Amino acid sequence: MRRPALFNEPKRELWLAWYATVAFYSLYAIVFFIVTRTQPPGKPWYDPNQVVGWFANRHDGLLIGFAIIFVLGGLSATSIALITYSIRRMSVSRAFSYSYLILYAVSAVPGFLFICVAMTVGAMRPERNPVIQRWLYDLGFLSFSGTMGVFLIGSLIWMTAILLDKNRVFPKWFAYLNLCNALTEVVVAPSWIFHVGAFAWNGVIAWWINVVVFGVYTGAFIYLLRCMILREDFGTGPLPDLASKHWHTIFPAEVGAS
Amino acid sequence: MNRTTGERIIFWALPGVAIVWIAAFFLFPGFLPPMSPKASAIQVAAFYANHTSRIRYSMILFNWFCVALIPILMLIVERMRLMAHRTPVLRFCVIGVAGAAPIVFLTSTIFWLLAAFRPDRSPDLTLLYNDLAWITFTCGVPFLVALCVFVAVAIYLDQQANPVFARWVGHFNLLIAVALVPAGFAGLTLSGVLAWNGFLSFWVKNVAIAVWLIVMAVALGRTLGRERAATEDFV
Amino acid sequence: MTPSFNRRLFFVWLILVGITTSYLWIDHEATHSGVPTASAVITVAAICLALIKVRIIMREFMEVRGAPQLLCRLTDFWVVLMGVAMLGVYVAGKAIA
Amino acid sequence: MPGQPDMWVFVLFESLVFTSYFCVYLYSRTQHEASFLRSQAHLLLWLGVLDTVVLLTSSWAVARCVQHARTGWYEQARRDAWVAAGLGFVFLVLKIFEWVRLIHFGHTFTSSQFFQYFFFLTAIHFVHLLIGFVVIGVLILQLKDPKRRRQETVETCATYWHTVDFFWVLIFALLYVVR
C-alpha cells in the first residue's frame, strides 16, 4: 500500500499541529473580524434598542460565524499542545508545561465559548425584550475581553520557562514579549469598569493597543514554533517498533526534558 | 508481576456512569421529546413550573456525573502513550480538550437548574435561561469534534505491527466527528432538522455521543490486557 | 570616597535632578494667581525636557554611549519617534479642538 | 552591548506601547482641556518631583552597581543594588501615599477623565516597578553567588530598572507638568 509522504516525515505530528494552529488563528480572525463583525467590538454605551439594532444588523453573520466556531473551535488545542511541547523541551520542570496546558485548556470555555453562546442566543430571537438582549451583549463582550487571569498567568509561566531554559528552545526576547502580553491582560481590566472612553471594552487602550500587542505576540510565537520544529532532529529512520524498543526511544522528546 | 494500576477500576466505572447518564436523560422531561425552540416564553415558563422537580433532580444527577467523562478520556490518553509517536503533542491536544468538553455540559446543567430554581420569575428570563442551556448543550460540540479528530489522527499515525487501536477505530472517530458537526449550527433555525430539537442536532448528535462511548469502551477494554502484557516486557 | 566612585555618573545624576527641579520653576512661572491655564509652550517644553532626560538616562545610565552603533542610532531614533508621536498628537488634537 | 540584546527588544517594544498610551492621553487632554486642568490642579507637583528624584537616584545606584560589578567590586555592587531596591521601595510608599490622599479627597479611577488616565498610567508603571523588584532580586542573587555571576545578567537587570525609571520621567512630565 502506498502511503502519503506525511507518514514518513519524522516530525509529522509537530507539523500537523503547526498547520492546524495557523488554520485556527486564520479562521478565528476571519470569523471575528469579517463574518460576525464582533471585532472590533460593539459599543459598550449602546442603549437596549441600539443593541437590538446591532443584533439585527449582523443576524446571519453572528449565527453562521459562531456556528463555525462551535464546530472548529476545538482546534485551539493544537497551539496549546505545541506550546506545551515546546516547554517540555526546555530544561525546566514539567510543572511549567502542565501548568500552561491546563491554564489555556481551561480558558477556552469562558474565553471563547461564552461569547459564541451569548451572541447565538441573542441573534436567535431578535424579538426578545431589548433589556435582555443587552444583557447577552454584555455577557458576550465582557466574557471574551474580560477573561484575563488564565492568559496572564499562562504568559508568565511561559516567560519564566524560557528565561530559565538552557536548551535555547525559544529566544529570550520572546520571553520578554510574553511579559508585554501578560501586561495587556492588566490593561484590559478597566473594561469591566467603564462604558465609554479609552478604557472601555472597545477603547483605544483596552482594545486597539492590546490587539496590536496580541497580534505581534501571536505572529511571533507561530513563527518561532515553526523555527523550533525545523530545528528538531529526530533522524529520518523508520519509527521504532513498540514491542522491541524501550520507552525512551519512542518518546525522545520526553526524555530530552529533565 | 501484576501491579494494580487502577485503570480497570476507571474502566469498569464506565457502565455505572453510563447508567446515570441514561437515567438523567430519561428523567429530564425536556428530552423526550426535546423541547421546541418555537415555544413561547409563557409556554416555557409553564413547562418549568409544571416539571420543576424532575428538571431539578435530573440535572443535579447530570451535573454530578457529566465530568465523569474526564477519567475515561484520560484512559485514552494513557493508551496514546503506547502509540508509535515521536512526540507527546497529540496527547497534549487530547488533554487540552478533555477538560473543556464536559465543562460545556456542566455549564448547560447550571442554566437548566437556574431556570427551574424560580419558575415564578418573569417568563422572559426563564426563556433566556432555557435558550442558554439548550444552545450550550447542543452547540457546545467544538471540543468533542476536536477530540474525535485528534484521536483519529493519533490512530492513523500509530504505525506499528500491532497498533494500539485498529484503524477502523480511527475511521469511526472521524465519522462521529462528522455526525457532531450539524449540532453546531442549531442556532440558525427554530425548526427543521438543524433546530436544537431537530433530527440532526438532537438525535444524531446525542446518539453519536452514546455510540462513541460504547465503541471506545469496547476498544479500550481490548487494549487493557494488551498493555499489561507489554509492560511486563519492560519491567 | 571609594576608588571606584564614578564622577561622571554623579554629574549625570546632578543634571537629571536639575532638570527635574526646573519643572518646579516652570510650573511657578505658568501659574497665575493659583489658577492653572492651558499653555502649549509649557506642554512642549515639558515633553522636550522629559525626552532629553530619557536620552541622558539611555546614554549614560544604560551605557548606550559605549554600545554598538546600531543601538545608539536605534535609541536616538526611538527618542525622536516618541517625541514626534506625542507632539504630533498634541498639535493635531489642538487643531481638531 | 549592555546586557542581553533581547532585553533591548523589550525596552523598545514597551516604549512603543507606552508612547501609544501617552498619545491617547495627550489627545484626550486636548479635547477636554478645561476639565483636565481642573483635575490636574489637585496633584502635588513637589510630590511628583520627589518621586522622580527618588527614582533617578535609584537608577544612579544601579548604574554604579553595574560599574562595580564590572571591576570586580561585588560587595560594593551588592550594596548599590540594595540601595536601588530601597529607593524603589520609597517610591512605592510615596505612590501609595499619593493615591490614598487623592482617593481620600474623592479623586478616584472613575471620578474624572484626568484621574482615569492618572490612575491608569501610575498603576501600570507601579506594576512595572513591582516586576522590577523581582529583577533586582535576581541581580542580588547573581552578585552573591560566584558560580552564577554573569556580567551580562547584571547589565540586563540594570537595563530593565532604568527603563522603569525613564517611563516614570515621561509619566511625570505628562501628568504633573503638561498644561
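Every chain is named by a letter (A, B, C and D) in the order it is written, and numbering of its residues begins at 1.
Going forward, contacts are C-beta pairs under 8 Å (C-beta built on N, C-alpha and C of every residue); 3 or more make two chains touch, one makes a residue touch a chain.
The structure displayed is predicted, hence computed values, not measured ones.
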item	value
Greatest separation from subunit D - chain, by CA centre	B
Intercentroid distance (Cα basis), subunit C paired with subunit B, Å	61
Between subunit D and subunit B, distance of the C-alpha-averaged centres to the nearest whole Å	51
Distance between the centres, which are taken as Cα means, of subunit B and subunit A, whole angstrom	23
Where subunit A and subunit C are represented by their mean Cα positions, the distance between them in whole Å	39
Sites on subunit A at which at least two other chains make contact	none
Residues of subunit B touching at least two other chains	none
Shared interface positions of subunit C, touching two or more other chains	none
Topology of the chain contact graph, where touching chains are joined (line, ring, star, complete, other)	line
Pairs of chains in contact (touch as defined earlier), listed by label	A-B, A-D, C-D
Residue ranges of subunit D touching subunit A (in the complex, touch as defined)	4-7, 9-10, 13-14, 17, 20-21, 24, 28, 109-110, 113, 116-117, 120, 124, 127, 131
Residues on subunit C engaged by subunit D in the complex (per definition of touch)	2, 4, 6, 9-10, 12-13, 16-17, 20-21, 23-24, 26-27, 30, 35-39, 42-43, 46-47, 49-51, 53-54, 57-58, 60-64, 66-68, 71, 74-75, 78, 81-82, 85-86, 89-90, 92-94, 96-97
Touching residues (chain side subunit A, partner subunit B) in the complex	7, 10-14, 16-17, 63-64, 66-78, 80-82, 84-85, 88, 101-102, 104-106, 108-109, 113, 116-118, 120-121, 123-125, 128-129, 132, 135-136, 234, 239-243, 246-247, 250-254
Touching residues (chain side subunit B, partner subunit A) in the complex	37, 81-82, 84-100, 103-104, 107, 124-125, 127-128, 131-132, 135-136, 139-147, 149-150, 153, 157, 159-162, 180-181, 183-185, 187-188, 190, 230, 233-234
Residue numbers on subunit D that touch subunit C, as the complex places them	1-2, 8, 12, 15, 19-20, 22-23, 26-31, 33-34, 37, 40-41, 45-46, 49, 52-53, 56-57, 59-60, 62-64, 66-68, 71, 73, 76, 155, 158-159, 162, 165-166, 169-170, 172-174, 176-179
